[in-house]
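Below you'll find the structures, each written out as structure tokens.
In the two complexes that follow, chain A is the common piece, with chain B as its partner first and chain C second.
Right after this comes the complex of A and B.
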């Protein structure tokens, strides 16, 4: 079943799917909806997660028990009713979510695309499952390391936000870890994104998978939350991902002044001449492509700031006068919000407007100060 | 014999008639002294014709054939004509070269005068083809497109794409310019992209770069190549199970390196030589720009001795040593040395000797490997004189070691031989065209260390340079 596909990188599959879906969207064969639109249509993510993933896996299991050889499905052979197709679409979307694939949108896929990527996903789902099951049996190792780019000379705003969010989460869980800066952290990461942690034999990247990994060890910040609150929390987390992170990417790579003065200098700092210029261009093209898919590239600076403002307002409304977003204990949402807002407030940029926007929300500022004081000040006494 | 053979068959019968003319003029009992006789015939080349030139410029042709005028006797003429033909062939402009020698007639003809005619056929403007190619224990399909003799002086542009059986892909565009001069200099510049996967080391690497190569002969048999290579190399982790030590190496690097290769090839055959030796020395300095820095020296020696008829003893010794230039400079995994596999130490997995991390082979800074082979024809000589001659049986013993040896170590010999790996076996070797050797061996790893990945039993190898 694994065949030669077990070496496949999730990142590659996602890139391929993204590309395919982009092409399909333009051909109007398929349809792609950004996550927030799906939420507007009242699709409950948690339901998808619990129901359809098991369906999908059962589906896979029956497939894999019937065929020992790799699944070869021609589009002609497929003869299924619309209902199961819908299920499939949802299931794939949920699996993508379950695999913590970093695409920040959901797909409504045609049969063709689904079967094209199914085989590749199957092996990864199995690998992932095995890994999670194995990982769950061991306690939190002593020598956990968190890998991220160099903070002073290299890291960029969105990466820094994510790294800080993971650090905050681990500290909230009271788990020991060491920060290990590496120039090539991005290339080392299994998903191509920072940060990632190395716990024993496991390498896990990005916040959500790390949260999942920690949960599998029996450590969780959300045990007191009921399912509805959990799905709320996940919705807010995707809101932060979809607005704050994308806005940070936009400012870093699309605002000329910031790109020239900060981004290009820092991103290229780890490469020798002339590789730094080449890599800056390559990375910028990637980011722009992603922003185009998300529909942000066409936005003006003021529209981006408006989005950030809306996001801050939504977060403020949720927080109200509570200590943390969900009661008196922090959750991963608090870690994520802290990561992003703290980075935005403390990173000097030529265009400081985004920091000024955040400063207009004192409730959020209080939250961040509280988290910083409780979880970061203890060790770092400088 | 001193006769000049043309490449194509139909011209061959014409050639022997010329010396016979001279032989006939002497008494027949001197038949056994023919060579001395040819030596004694005074001859002078009056005229040289080159027929069939269209695009090729005169000056480079003149360079190739000028020597012919210096010939004093007939044998000299034949030898020089042969050499001139080789030079013309080396230009790469012609697909066919035929040589005719005739007595000189007409006005101004000297008494011993000869006329030499080179009948050449030029290549077409663009040629191409699909061929197979054999590389590092892998076969590859090669699709090539060439524009030979672009500006009339042997310049050519070639475009090649190859796809290997082990997911290796290569793309290469090269411009080659032979230059005039007695050292036969040749300038090559190429742009390449190559993609290789190394499951045994858990990584894949994409190289994109430029290569300038300047080749020349300091004497007839000693060939030099001076190269400058600049490449952007993207090392990526192959799978989730790749060891963390390999993962740490992931990312981009820029290599800029100067290389000097000397090769002296005195062997009588490329694949199954019966006598002669080969010496190849490579020195490389990386770190002139870029972030990869090291100094690297390698050698490869092969000697062949014919014991009795068709029984050939072949001994091979190769080794390499490298060191980093500074702590700021990286050394890539692909720059380092590995040992083991069907081309080096038989009876071990590819890269199976030396340090490993979670099953992934890690490179070392030095290695040596040697092999001793006894080649013999197939038992009972089936297909003698034809198909059977493509095969040989061989007994072999190979030995080697790999590790981070240091030249300053006082007990260098001791450390080189401390954990030597030895394997032996028997097998059949096959000549594949005139480009590669295929081996099917039954191997017995004899001495090995704990972490080595051995491969006893049948092992299949295909390649050009074997230890």
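Right after this comes the complex of A and C.
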């Protein structure tokens, strides 16, 4: 949720850049520079409007001046440089080899830009920017797979909520995908959190990055919203993340009854005997550490329920009597709320107080039923 | 209540009422509601030993942390946001969650995790602002808390440079969200600050005012001038009495200056002790006989 999934981006960038290079070559055929000029480092790159890459590299100049030496460096110096950096950057060097191959198309990308690329790619923010800038222009691939833990015997409340949210979002966008249950989905995910999707060569995990990824393909649920509404939506999404998800974690791992009867059995189900207890302990320690840091571990059960109630009240007040949170079309916020509340309502737990709290808000229940009917029932008929 | 409640806070500097976010929230909220609270600075051994900032003591009850203090005041003095509609107060909750979830880690990172900031500025400041044994325990505790927070948020990245990129990204999205929401308005709702303004101000003001040695994240703020304006507006209206000058770290540089030109007192002490030593030696060895003088 904090954009901590960037580990998967390297591969994406490889393709991104390659594609972009190809695309730009075909786009800018008319104004391509003569070869000798390309060899010359003094080509004024800002003149080329179509080369948007150079623009953003330029504006990065002002931001990331702290670790950059002059631009005109020899290529062996760069190689040394890259060797000395960590493995992520080595991977990026591979990216650049690909870029180099693409550059055979007497491409307008001058040496200067190429070297700039090489230097600056170390920054992960930049990688994100490239993604945004170049966009994954190819259409939605056919064989998209959504990986998640086994729904019946393994998955836990918070994970299930997140998986369902992503599924709902993809269905709202009318995108095809297959759910691929894997016992070790959590370990496979680049950010350590489920669910994640594999679309072509891209691996993206968690709701917000997936939303971003889909938006890059030109598919968005929020194009009709003005910026103010979008910022509102972001605030509400962080409310749901911050309250619902943390409350679910608390109930699963800190409530003794739930932990003994549900969580430990389900989480340990995929491991053989001695390992299941060890894995449970490790995971529990991690969750407790997270809750402590967020200031939730000190709370009592009733305080947690109070927080959930406040959150539901806030969502009800925001929804009022509209069909969806923003107008008559669903957004990712609706998907997120659906994922969490639907899971809370349908998961049997020894302590069902949290489901009872949600049941007190008929407006939210209506929303969930509407989304379920519109987006989930449809395909069971086929 | 006979005695007014007392609020224990960390001291302020650089034009801030306090260097701690929770303390700024508490002080600002109290001023806004004109609550009868006596603000006590934590610069004595006793207050440091008994209370952790910010903490409110009224009668025999001690409440710590701003959310709880807020709850306490709400039950005692009524709600600051009572004029808001249900929809607006639900939005308040969402915005407060956004700020605490996204901006708080950014501040913690800047204060305690970023090595240069911490060593050259924040730790030094707290070392000189708090009394002796507590400055060590406080800085150590805060630092480990912040490190844990960052570790749990970014469990797969141990490299601080990478984490910093993520933190910068989070800060950017959060600040742009706030800026769009605020727009050209004076405050988030109408002409009076509400709880959400208190929370946003408390998180923005340190970014605006503190002179961090590594300045790239605070410099992001210049992209959204309306947020800086917002902080200035609140300063002018509610904290006109807070001094802008630097209290602690400057005194240190003063001392260093006086090291260069030696003070008369130290010269005098040196001269006296040297002469008495020489005279004493001479008398003892019998170079000078005291009987000569009598």
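By definition in this document, the second predicted complex is superposed on the first by the 247 of 382 C-alpha atoms of A that agree within 3 Å, B and C clash if a C-alpha of one lies under 4 Å from a C-alpha of the other, contacts with A are read in each partner's own complex, and residues count from 1 in each chain.
Here is the rule we use: a residue touches a chain if its C-beta (ideal position, glycine included) is under 8 Å from a C-beta of that chain, and two chains touch if they have at least 3 such contacts.
Quick caveat: nothing in here was measured; it's all calculated off a predicted structure.
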item: First, second, both or neither for A:184, with chain B first and chain C second; value: first
item: First (chain B), second (chain C), both or neither touched by A:203; value: first
item: Touching partner for A:158 - first (chain B), second (chain C), both, neither; value: neither
item: Partner chain in contact with A:278 - chain B first, chain C second, else both or neither; value: first
item: Chain B versus chain C as contact partner of A:318, first or second or both or neither; value: second
item: Chain A: partner with more touched residues, chain B or chain C; value: C
item: Partner chain(s) touched by A:236 [first = chain B, second = chain C, both, neither]; value: second
item: Touching both chain B and chain C, residues of chain A; value: 6-7
item: Residues of chain B defined as touching chain A within the complex; value: 199, 232, 235-241, 244, 247-248, 250-252, 254, 289-291
item: Contact footprint of chain C on chain A as seen in their complex; value: 2-4, 6-7, 63, 66, 86, 88, 123-125, 128, 191-192, 227-228, 230-232, 234-236, 238-239, 241-243, 286, 289-290, 292-293, 295, 310-311, 313-318, 320
item: Chain A-touching residues of chain C, taken from the complex the two chains share; value: 65, 86-87, 89-91, 93-95, 97-98, 100-102, 105, 145, 148-149, 152-157, 159, 162, 165-166, 168-170, 173, 176-178, 180-181, 183, 216
item: Of all residues in chain A, those that touch chain B in their complex; value: 6-9, 127, 131, 182-184, 186-188, 190, 198, 203, 271-273, 275, 278-279
